[in-house]
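The letters A, B and C name the chains in turn, as written, and every chain counts its residues from 1.
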Amino acid sequence: MHSKDKDRHRWRKFKSGLVSFGTLAAAVLVIAPLGLVFFHLLVNGAGAVNWDFFTQLPKPVGAPGGGMVNAIVGSLELLALGSAVGIPIGVLGGVYLAEYGSARGNAMLRFIADVLNGVPSITWGVVVYGLVVLRFKGFSAYAGGLALGLIMIPLILRTTEEVILLVPNGYREASLALGIARWKTIVNVVMKTASKGIITGILLALARIGGETAPLLFTAFGNRFWNHDLSQPIAALPLQIFTYAISPYDDWHRQAWAGALVLVMGIFCINVLVRILTRDRAGTST
Amino acid sequence: MINLIMAAPDPIVLETDDRTPESALDSDEVRLTFEVHNLSIWYGDKRAIDSVTLNVPSNAVTSIIGPSGCGKSTFLRSLNRMHELVPGTRVDGSVLLLGENLYAPDVDPAIVRRRVGMVFQKSNPFPTMTIGENVTIGLKLNGVRDRKFLNERLEKSLRMAALWDEVKDDLHKAGTSLSGGQQQRLCIARALAVEPEVILMDEPCSALDPIATAKIEELIHELKKNYTIVIVTHNMQQAGRVSDYTAFFYLGRLIEFGPTSKIFSNPSDKQTEDYITGRFG
Amino acid sequence: MVTPKHILGNFDEALSSLRNNVLMMAGLAERTLDRAIRGLLQRDDNLCVTAIADDEEIDQLEKQIDKDGVDVLLRFQPVASDLRRVVAAMKLSPNVERIADQATNIARRARKLNKHAPLPEVDLIVPIQAHAMSMFKDSIDAFTREDVELGRAVVARDKDLDLMNKKAGRLLTDRMAEDPKQLRGYLNLIFISRCLERVGDHATNIAEDAVYAAAAEDIRHQTATVAT
């Protein structure tokens, strides 16, 4: 072998090694923040996560103990309200995009949904503040739920559309050829086939809004006490974390860490659920 | 020019015109399921079917052959208005099903499809449903609730599709757990469950191995006692084996139609001859 | 009119090889028949012996055609005109073989006749053999050229041959009564005439197969042939 060829070979090997190292480094940089966040949350928050945290109301400054039960329940209520707005509109809109509608109208709808997906979440808070809070003269759980629901709509719409388009046309044809009406075909065959994908989309949207703080600042506002009236301001975990984190008290800082840990764990659980669902889907379809 | 062609055993008079092939089996001799008259179909500006006139005899198998893109699939789908699923279709002419025009303005395509069932190229049992649910879904979604009736129809349909003995203990398993040939027979059972009068088959065996194909063909032979069957196939030997009548389509036109034995031993048209003997293009 | 080639080149080759074998077999049968007749008319034993020997080759060709025909059916599943050609080839080759058999029969009888003094009645055979030979040639032509009209004509000519055979038979029987010493010779001539009549029957079968191959029409056992 000529030495020139040998040199070239060495140079090629070097380049190849360089590129694989670069990609490895990037991969590490992607994973590292996640590990850091978890580590940091565990170190700072694990101490404050206890039974009281899930059962007690917040205590005044200086009083030891206390929890965030009102914020946890409030967050769940807000998610439920948001789902009530976001899921039906998002899913039905997705079905419309995939099954009905004209090509041109659909392209426009899709574009709008994509733009809405990119709108900063605080904007939704401001919009709902202007439309609901000012008009009805008060912050409320309804307003918070509406803001979260509005964020969910474009997310669910797009994922629903995509998974429905993935349903092979053969199933629609088979159903229609049995003399089954179009809407029954869509509900009983198409949506049923795509159900796991649709649920996955919904869960991902919930995970996304579960941690939203900004849209709640001007709408749900937060509440240090129990609130069972949805037309009144309501507590939410992200809001509580925000309030506690910017306070000057060490006690509250600890509580904020604990809240953040619980929130992240919750979102983590949803993601694991999504994983299980999607893996199952892949398993049955092949 | 008009040719008179005699078909054994009872003579069926067939008229062929070289310019506009109009084939009509004499209705005095044979009961007709479909009477297609001067049917043209457009997809947008493209004319997929061009002035086809054809009579489909009852309780017989009629096969449709022709090269890809000749309109045979579109023609098949026009018999239960499935081609309308493609937006922008337009139909001219008439299709009579036992004397009733399928394209009359007050006819609901869903009702047409209940009377004219269809089996597709790719077996497509609903993946979220069990074997049993796959068969009864057509009845259930058309409003049948009676359990006993559903179970009876389930067994009857599976028996007719020659699948009952193979799946009777697995009715609660997923329809997609069956083999390819069994899935296709499940699809036939599903179509039979709504008790259609006609069964259309669009290349039902093209994805199956020879054994599974033979089972479907045997099934077709059994089914024609009770049903009229129209089958599109790329496999000329299959057309020869299963069908009583054969129609040859080319470029959207019906070139020749007649008894299968006649088409495959002595076609009247040169284009038919060239196609079936493998001299095309 | 040029028939376009098959997309499968092998198919064309197999069909033409089948056809060539049929033509070769027919050519050999024709030659054998011709030799046998000449052996009789020219009292040439050598011609008779070669005629008898040629039969073996014709038998082999018949088997080859059957084998090739089955092979084509198996491999290409021919339909329409292709199917008819294969079926016709397989059906007519036994007829050609039988014609060759008749030729060897004639040659054997000619050898017996050649051992005795020549009979003037041999002349009776000349028109019969000419008629039978032309029927055979035309039937093969009808098959080769897919000539329906020629095929039909051959079938129609069989009646004349039958008549000629009957007439010759009657005449020879009369001669047997008149001249019992030559009884064996006359009997052999009667048999030769019968053989030629059989050649005509086989030629008729071949012509019928030729018509079937060309026009998918079965003209066998018809009381009257109706021209279209």
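What we mean here is this: a contact is a pair of C-beta atoms (placed from the backbone, for glycine too) under 8 Å apart; a residue touches a chain by one contact, two chains touch by 3 or more.
Computed from a predicted model, the values in this text were never measured in an experiment.
Enquirer: Edges wherever two chains touch, nodes for the chains themselves; is that graph a line, a ring, a star, complete, or other here?
Expert: If you draw each chain as a dot and join those that touch, you get an open line.
Enquirer: I need the chain pair with the most C-beta contacts, please.
Expert: Max contact pairs: A-B.
Enquirer: Roughly how many whole angstrom separate the Cα centroids of subunit B and subunit C?
Expert: A distance of 49 Å separates the two centres.
Enquirer: What whole-number Å value describes the gap between the mean CA coordinates of subunit A and subunit C?
Expert: Their C-alpha centroids are separated by 92 Å.
Enquirer: Among the residues of subunit B, which ones contact at least 2 other chains?
Expert: none
Enquirer: Hey, which residues of subunit C end up touching subunit B in the complex?
Expert: By the definition above, subunit C touches subunit B via 3-8, 11, 76-84, 215-216.
Enquirer: Would you pull the subunit B residues touching subunit A in the complex into a rising list?
Expert: Residues 80, 82, 85, 110-115, 117-118, 120, 122, 124, 126-128, 137-138, 141-142, 174, 176, 187, 190-191, 194 of subunit B touch subunit A in their complex.
Enquirer: State the interface residues of subunit A toward subunit B in the complex, per the touch definition above.
Expert: Interface residues on subunit A, with respect to subunit B: 168, 170-181, 184-185, 188-189, 192-193, 195, 284-285.
Enquirer: Going by the contact rule set out above, which residues of subunit B touch subunit C in the complex?
Expert: Result: residues 236-237, 240, 264-267, 272-274, 276-281 of subunit B touch subunit C.
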